[in-house]
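Shown below is the structure under consideration.
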Amino acid sequence: MAVKVRIPTPLQRLTDGQEVVEGKPGKIIEMIQDLDSRYPGLAERVSEGGKIRRFVNIYLNEEDIRFLKAEETEVKDGDEVSIVPAIAGGRGNL
Amino acid sequence: MEEIKPDKTINIKGLVCPYTFVKSKLAIEDMEVGEVLEIILDYPEASRSIPKSMEDHGHKVLKVEKINDTDWVIVIRKERE
Amino acid sequence: MELNDEQIHRYSRHIILPEVGGKGQKKLLSARVILVGAGGLGCPVGYYLAAAGVGTIGIIDNDTIELSNLQRQIAHNTERVGMHKTDSAKKTFEALNPDVNVIAIKERITKDNILDFIKDYDIVVDGSDNFPTRYLVNDACVLSGKPLVSGAILRFEGQVTTILPKEGHCYRCLFEEPPPPGLVPSCQEAGVLGALPGVIGGLQAMEVLKLILGKGEPLKNRLLIYDALKTSFRKVKIPKNPACPVCGENPTITELHDYEAEYCQMRL
């Protein structure tokens, strides 16, 4: 069992169309960097200089990680992480 | 049995479901808790469905009576807003 | 106000609901709701609010109908291509329900006019298709204390949230700032499957009706995310952010700004 990571539609072209990919347990920011090694470009869309971009939210289960330990939040096997970008009609951001 | 004096009477003869209940509900909404509504109707199904719906809405059915070949009278006490 | 016989018939399926009744219907008839946008989301929201008997519906939009809109914007039709969207929506909604007074506002909203547009309404509905408008509407609603039902769509995904200023989160608590223009998708990347705005607009209309009736739980401090391809609905928490630049403890945004200039004008 790994971490289940939900990829929003605008980023699914980086994950070969997959809506859910497996992430590595540990700190969120490390998990994203690890995903980037398999899905190049993903980390840059979601983060910048080790920080999650301000128009993208990451949820650990139902909780926004900004109100947990932000990028340092620990995720473990069985957790579900969702990447949720701001969207606006025709003009999504990712 | 003591006769209950209604505070309001509506005659909904000629109406069919769901308008029988719609009219009855509008009438009881305008009344105070504890007041009594008398409904006169001639749609057979409503003689069964109105008491049931009124109970579902938390009101008290005091009487359901067939008063002649075609008509029923239903008496309801408003129990809650 | 008393319901006439025609209204009793028209709204009978509302009146028989314990949560609505004649009293709730009268609340709907005296409610005033303003829609930002008469496009994909504004059409179904306005359509359902009109059907439900929401008495006054304002609609702000400066666009005219294009053929490419009709794949999803259900209040308009082929004969009306070229007509102002707000005029078309007014015709459609008033034909559905003559009880409803639709106020068509053919303007582009800006920091200078938005507070004036929303001040006479009880609830604001955001169905705009761009970030500058979305943040402007949020800030205006927070500053003037208006409930805001916000919806957004892209491709196969939709988001809905209900913002009750002071009580709950705002859009900036959710996403602090709009993405930079360089990161918005190109025309080829952005599409919308036709029925998606119907789902999201339907949810927004339901949130509005609940707010007017004072029933149920509004989508406060939650973001609802719909994935059409998976047919999944998920809710995530949105805490009110004490550091929010507009509704936080020490707000840095105390007046409205326009973001429009920073964005290229992409028409879809």
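Per-chain residue numbering starts at 1, and chain names A, B and C are given in the order in which the chains are listed.
Definition applied: contacts are C-beta pairs under 8 Å (C-beta built on N, C-alpha and C of every residue); 3 or more make two chains touch, one makes a residue touch a chain.
Note that the structure is a prediction, hence the values are computed from the model and not measured.
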Request  = Would you kindly say which chain has the C-alpha centre located farthest from the C-alpha centre of chain A?
outcome  = B
Inquiry  = Top contact pair of chains, counted by C-beta pairs?
reply    = A-C
Inquiry  = Suppose each chain is reduced to the average of its Cα coordinates; what separation in Å results between chain A and chain B?
reply    = 59
Ask   = Between chain A and chain C, what is the separation of their C-alpha centroids in Å?
value = 28
Ask   = Quick one: chain B and chain C, Cα centre-to-centre, how many Å?
value = 41
Remark   = Residue numbers in chain B touching two or more further chains are none
Query = Could you say which residues in chain A touch two or more other chains, in rising order?
reply = none
Inquiry  = If a residue has to touch 2 or more other chains to count, which residues of chain C qualify?
reply    = none
In the complex, chain A residues that touch chain C = 8-10, 19, 45, 53-57, 59, 62-64, 66-67, 82, 84-94
Note = Residue positions on chain C within touch of chain A in the complex are 39-41, 128-131, 133-134, 152-157, 159, 174-179, 183-185, 189-192, 223, 225, 227, 229-230, 234-239, 241, 263, 266, 268
Ask   = Inside the complex, what are the residues of chain C that reach chain B?
value = 3, 8-9, 12-13, 15-16, 18, 21-23
Remark   = Per the touch rule above, chain B residues touching chain C in the complex are 18-19, 21-23, 25-26, 29-30, 53, 56-57
